[in-house]
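In the two complexes below, subunit A is the common chain; its partner is subunit B in one and subunit C in the other.
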Partner chain A sequence: MTSTYLPGTRPGPDAAPRPLPPAGRARTRRRLLHWLTAMGFQLPALVLFGVLVLLPILFALYASFFRWGGFGMPSDYTGADNFTRLLQDDVFLGDLWRCLLLVVLSLALQLPFALAMAVLLNQRIRGRAVYRMLFFAPYVLSEAITGVLFGMIFAPDEGLADHLLSDIGLGALGGKWFADPSTVMATLFLVMTWKYFGFHMMLYLAGLQSIPAELTEAATVDGASPWQRFRHVTLPLLAPTLRISVFLSVIGSIQLFDLVWVVTAGGPDHHSETMAVTMFQYGFKRYQVGYASAISVAMFGVSLVFALAYQRFVLRRDLAGATTNMRGDGA
Partner chain B sequence: MNGSRKTVRTLPLHLVLVVVGALMVVPLLYALLSGFKTTSELSRNPVGLPESWITSNYTGILGSGAFWRLVGNSTLIAVATTVLVVAVSALAAFSFARFAFRGREVLFTVFTMGLMFPFAVAALPLFLLLRSMDLLDNPLGVILPQAAFGLPMTIIILRGFFREIPGELEEAATLDGCGPFAFFWRILLPMARPALGTVSVLAVVTSWNNFFLPLLVFTDPKWWTIPVGVQQFQGQYATDTARVFAYLVLAMVPALAFYSVAERQLVGGLTAGATKG
Partner chain C sequence: MGDPALSRRGFLTATAAAGLGMTALSGCGGGSDSGSSGTTTVEWWNISTTEPAKSVWAALAKKFEAQNPKVKIKIVQLENDAYKTKMTALTASGKLPDIFHTWGGGVLQQQVDAGLVKDLTAPTKSWADGLLPVAKQPYLLDGKTYGIPFDIGMVGFWYNKALFKKAGISAPPATWSAFLDAVKKLKAAGVTPLALAGKESWTGMYYWAYLAMRTAGIAALKKANDDKDFTGAGFVEAGQHLKDLVALQPFQKGFLGAAYSSPTGQAASVGNAKAAMELMGQWAPSVEADAGKGIGADLGFFPFPAVEGGQGTVTEVFGGGGGHALRADAPQAAVDFLKFFASETTDVELVKKTSVLPVVPAAESALSDANLKLVQAQLKAATGFQLYLDQAYAPAVGQQVNDSVAGLIAGSKSPQDVTQAITKTAKEEQ
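Showing the complex of A and B:
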């Protein structure tokens, strides 16, 4: 007699084979009961997730085909007009471009920097626990608070940044930071790096610590230089962690809102606007809810295309063995 | 290799760490020091130590009920979100980890897909939904969606943990007449305490720092949370820079204090969620 629920089952095609079926009807009833028990445990999560996550996304899809001010039900069906408008909207196209810019900057600068710091702090070096804690600390601050802080630090002329630069004779490097269309994205990226590189560093550190020391030692014995050890032993073994970190970084760039909203609200003249900010402007400030829904759907589409492509081409191998255990990571 | 040679060899590395460390600390330290100045001193003497340490910025904020109101709201919302998301996720994760049932993989995929989609996508329709449910300016309007969006990560982490618990234990419990819920409640949950701690810490931090949702839901200052309050305060006292700095510092203290207490769970949870999710 097995229990009604199977201990330690692995994921796989549904119900595992059962021993000796009793009479057919009793078996069917027992299976139904088993299914109902399993689903009973799922029910609260399903309701919460269905109503507050899936339903809104579906509704945005529906509303994006209407011209709608957001009151009553949408009735002015306009077909794909919102989407054609979207593709001709310079601000939205700029959003996409700025998103790409942040992704490229993150992958080219922020993540390699985080990796370098992780490798550095993975050695026995004095004070490494303090540095780790310090580098990660900004991650626990709210983006809104971080934004207000750096908005003041980079205040043109009177902020700390300009003062420090002029004190060390580099005043020419200072400028208007967030207030200048040509530097606003770079400044934003600087703040994002300050806030988030420690998070990626922590991921890498966890990955590095799961690499057996014997492997790098063996490479050393074989005469590999430090760079060769890093390139041919450490990096390949770190690949799963790197792939997840890249994924999280890209998703973060796609949905960026808080920081931008607090510091620049997308300005000057849309030069730091993101998709989420544009959506917010249309949906909550101008009451063009149908059009704002189309922007939401576009954001969803961008995430979806990215997630599927990434999963298809990059992540597949990792997810196969993913979500199995977490004890090794020091829960 | 003796110690001093090693020190010489690692000197550049230390230099790098000190510089990066300084870049991390200076903004925070600057805010802290600026809070002890008056705004006129701050524009005269932006970089140095305060000429005389003025505490009125800090005490003024701490003495006002408004600040404590924000702290109370943020705490209430964070605790309620955490209890809800952990309870609901634990039930679902238990079912995913210990039952074989038709549709399990599809369902699990639906939840994991939730990880991939930014909250911003759902923000607008969610707002409309909350409005129609009359949940605006109601803490539930923030608590429920936060819990819903926290489900994927929490379920994934807990499912992984629940699957580690040996099957024999469950068989023994079943033989002793333990039903599924009794096993879940009396045996599994107490054993999973470390994992529950980890996901709770993650949920608290996420809720505490949430800005977008409270911004949408709360127009009434009565319910503002810390991030919304900070933004409003800056708008209101934009010219009194020193005061805003003091406010920022005080707003950061709870999060940093929580981090220093729960660092292990937080980092463990994030790395587990990310490397296993």
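Showing the complex of A and C:
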């Protein structure tokens, strides 16, 4: 393998002097060989992906057209009944609304907060490594533990939150937290922010550190104010990170389950229920697996539409050149 | 898996079984293979995974083996939820273990309809007649016996005598209006009348179920499920009574978010003397002491009050227990084991060591706990029995009852909404 490696070819037994094309046949054969080699390597992964990801998705799609209790094969075909029922189901429509609410709150409050913390912790301040670790720690904690923990902290009257508030004379601010339809979403969002802002902060920190210091220095020399430096130098260069972070945040909100399940199970009276919780209720509590499949298909649809649209319109520049084909020439 | 041609159903079940662990797989064959020495192996599936019941049951199996040298008992223990999932899969595949735990009601009915369960009416008649009638109820389907109980319990009000005294209530209320008065008196005395776990909707369902038993009656509850129609006046009335109670704001602060057995939950509220009452099953005293401090001798029990003008009486009980059923072609040794397990000697041991309530009347002498004695007295005098609605009905219907009643308690559903939603789900279910 000492031959010179030209771009557009790959080293191999037949790599060096590239034979002149004796019509298309040899090239076709070589392509086939490439294809077979690639397939050979991919097969195990493809089989796993097919059996564990594709097949269940397709099966859920199939099952969503049946009334089915989950055992044996679905046989009671009901057409699109499950989907029309979905659109008349107050709980499911509420799920969509709550999902939108969480997305908006995350984008409007949680991410800007994470960005502010990242910018702050990117400064030279004493003990910033400790702060970074502290703020990131909640993300490492499992959702179930977070749920149990905050269930206790926000227990009305008896929890830490209400005790603290009454100790500092603000007992009137204490509330029902998770225990009232009007406050449950706000409390849930508070916990979500506590849990996830550290993750986004870490993303932003990584992004900030890849911004060359010369640029900001140059801007300073040119007389830019701190805000101008942030707005016109840091922010544009951080944009790819921001776009990914928004993407992850939205997908996370659409698929939110564990935290809600542990802390409220969707209550009180469905006021914190998410699509995934509703799906779980129907699939594993009521054994209406057909209807639960319809919910999962709807969830998949919402995620897919968002993901595709976002990649097409927002992530386009970030992804340009990142896709590869198997010849490795990027074409 | 003796089947040469593995059906698709069988395959799905096997897949499900593999997911649940290897113990599960061994059960697919249904057990009872005769060994070379002529011994019969009987497989016994139960949910006694916690001590002391676990060791007591294992010791009992050994004792039975000693008495019957030709029989081997193979115990398979699964945790409650895993067991339910596993059994649903096994029912679909048509292969049940020789002896298996059952709660009776809708699930047992399903297994019976599939022809998978042994009719025990004739083989057990000679000794099962003497068992506590109310304990046998959950397993009595269309007049035939399909299971033998080892435990029975009921739901009722557990109350704090000291707090009742503080509020000037001399005797536990016997009617619904007296009950509402008691709630008002407790509130006036600055005591939270009731603890409820709003996060776990089955706790609220108990109120509606008991009220429906008292207004519409047990027969109407059965008929409504058979006819898929819960819109009868008695059920709406039950919801109205519950709404009257909710209007008094009797529950602890933040009850909509409260769990049942957590340190800030329903049981702890009563166990820490913060609330005066809870509507709960016979296990309440132990959970109150576990999640909270427990209130010792202050704890009392009274049955759910009668509703004026209703069809039901105060002696009709709502509850459930535990029992065993047999696979349709289980060997005689399995029947012998049920007889052994329901004997007075065994029951005395179970009552003493594992805090179940006696199913053999003579074993009640083994009861030492004053509260359980009260429950036992109610059960013995019971004139009617209604199994927990989520066990008596199909899962979707049971869940809908829980869900709708939770909405009624939270104030978002009317009594009519509740009956209509349950009816709608029952009709969808077929």
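Assume the second predicted complex is superposed on the first by the 286 of 331 C-alpha atoms of A that agree within 3 Å, B and C clash if a C-alpha of one lies under 4 Å from a C-alpha of the other, contacts with A are read in each partner's own complex, and residues count from 1 in each chain.
By our rule, a contact is a pair of C-beta atoms (placed from the backbone, for glycine too) under 8 Å apart; a residue touches a chain by one contact, two chains touch by 3 or more.
Note that the coordinates shown come from a computational prediction; the quantities given were computed from them, not determined experimentally.
Could you figure out whether subunit B or subunit C reaches more residues of subunit A?
B
Determine, under the contact definition given at the top, whether A:Asp167 touches first (subunit B), second (subunit C), both, or neither.
The first partner, subunit B, only.
Report for A:Phe83: first if it touches subunit B alone, second if subunit C alone, otherwise both or neither.
After superposing on A, A:Phe83 lies clear of both subunit B and subunit C.
Scan A:Gln281 for contacts with subunit B and subunit C and give back first, second, both or neither.
In the superposition, A:Gln281 contacts subunit C only.
Look at A:Phe189 in the shared chain and tell me whether it touches subunit B only, subunit C only, both, or neither; answer first, second, both or neither.
neither
With both complexes superposed on chain A, which partner does A:Thr264 reach: first (subunit B), second (subunit C), both or neither?
second
Touch check for A:Phe178: first (subunit B), second (subunit C), both, or neither?
Touch partner of A:Phe178: subunit C, not subunit B.
Scan A:Phe230 for contacts with subunit B and subunit C and give back first, second, both or neither.
neither
Give one of first, second, both or neither to describe whether A:Met152 is in contact with subunit B, with subunit C, with both, or with none.
both
Quick check on the output: what are the common subunit A residues between the subunit B footprint and the subunit C footprint?
Overlap of subunit B and subunit C footprints on subunit A: residues 70, 151-152, 158.
Report the residues of subunit A in contact with subunit C in the complex, numbered from low to high.
Residues 67, 70-73, 151-152, 155-159, 176-181, 184, 264-265, 267-270, 281, 285-288.
Where on subunit B does subunit A make contact in their complex?
The touching residues are 10, 13-14, 16-17, 20-21, 23-27, 30-31, 43, 46-47, 87-89, 91-92, 94-96, 98-105, 107-108, 110-114, 116-129, 144-145, 147-149, 151, 155-157, 159-161, 163-164, 166-171, 174, 180, 184, 194-195, 197-198, 205, 208-212, 215-216, 226-228, 230-231, 234, 241, 244-245, 248, 251-252, 255-256, 258-260, 263-272, 274-277.
Residue numbers of subunit C touching subunit A in their complex, please.
Answer in residue numbers: 8-9, 12, 88-89, 91-92, 198-201, 253-259, 262-264, 395-396, 399-400, 406-407, 410, 412, 428.
Touching residues of subunit A toward subunit B in the complex: what are they?
These residues of subunit A touch subunit B: 3-9, 11-16, 34-35, 37-39, 41-42, 44-46, 48-49, 51-57, 59-60, 63, 70, 117, 120-121, 123, 125-127, 131, 133-138, 140-145, 147-153, 158, 160, 163-164, 167, 194, 198-199, 202-203, 205-207, 240-241, 244-245, 248, 251, 254-255, 257-258, 261-262, 275-276, 279-280, 283-284, 289, 292-293, 296-297, 299-300, 303-304, 307, 322-327, 329-331.
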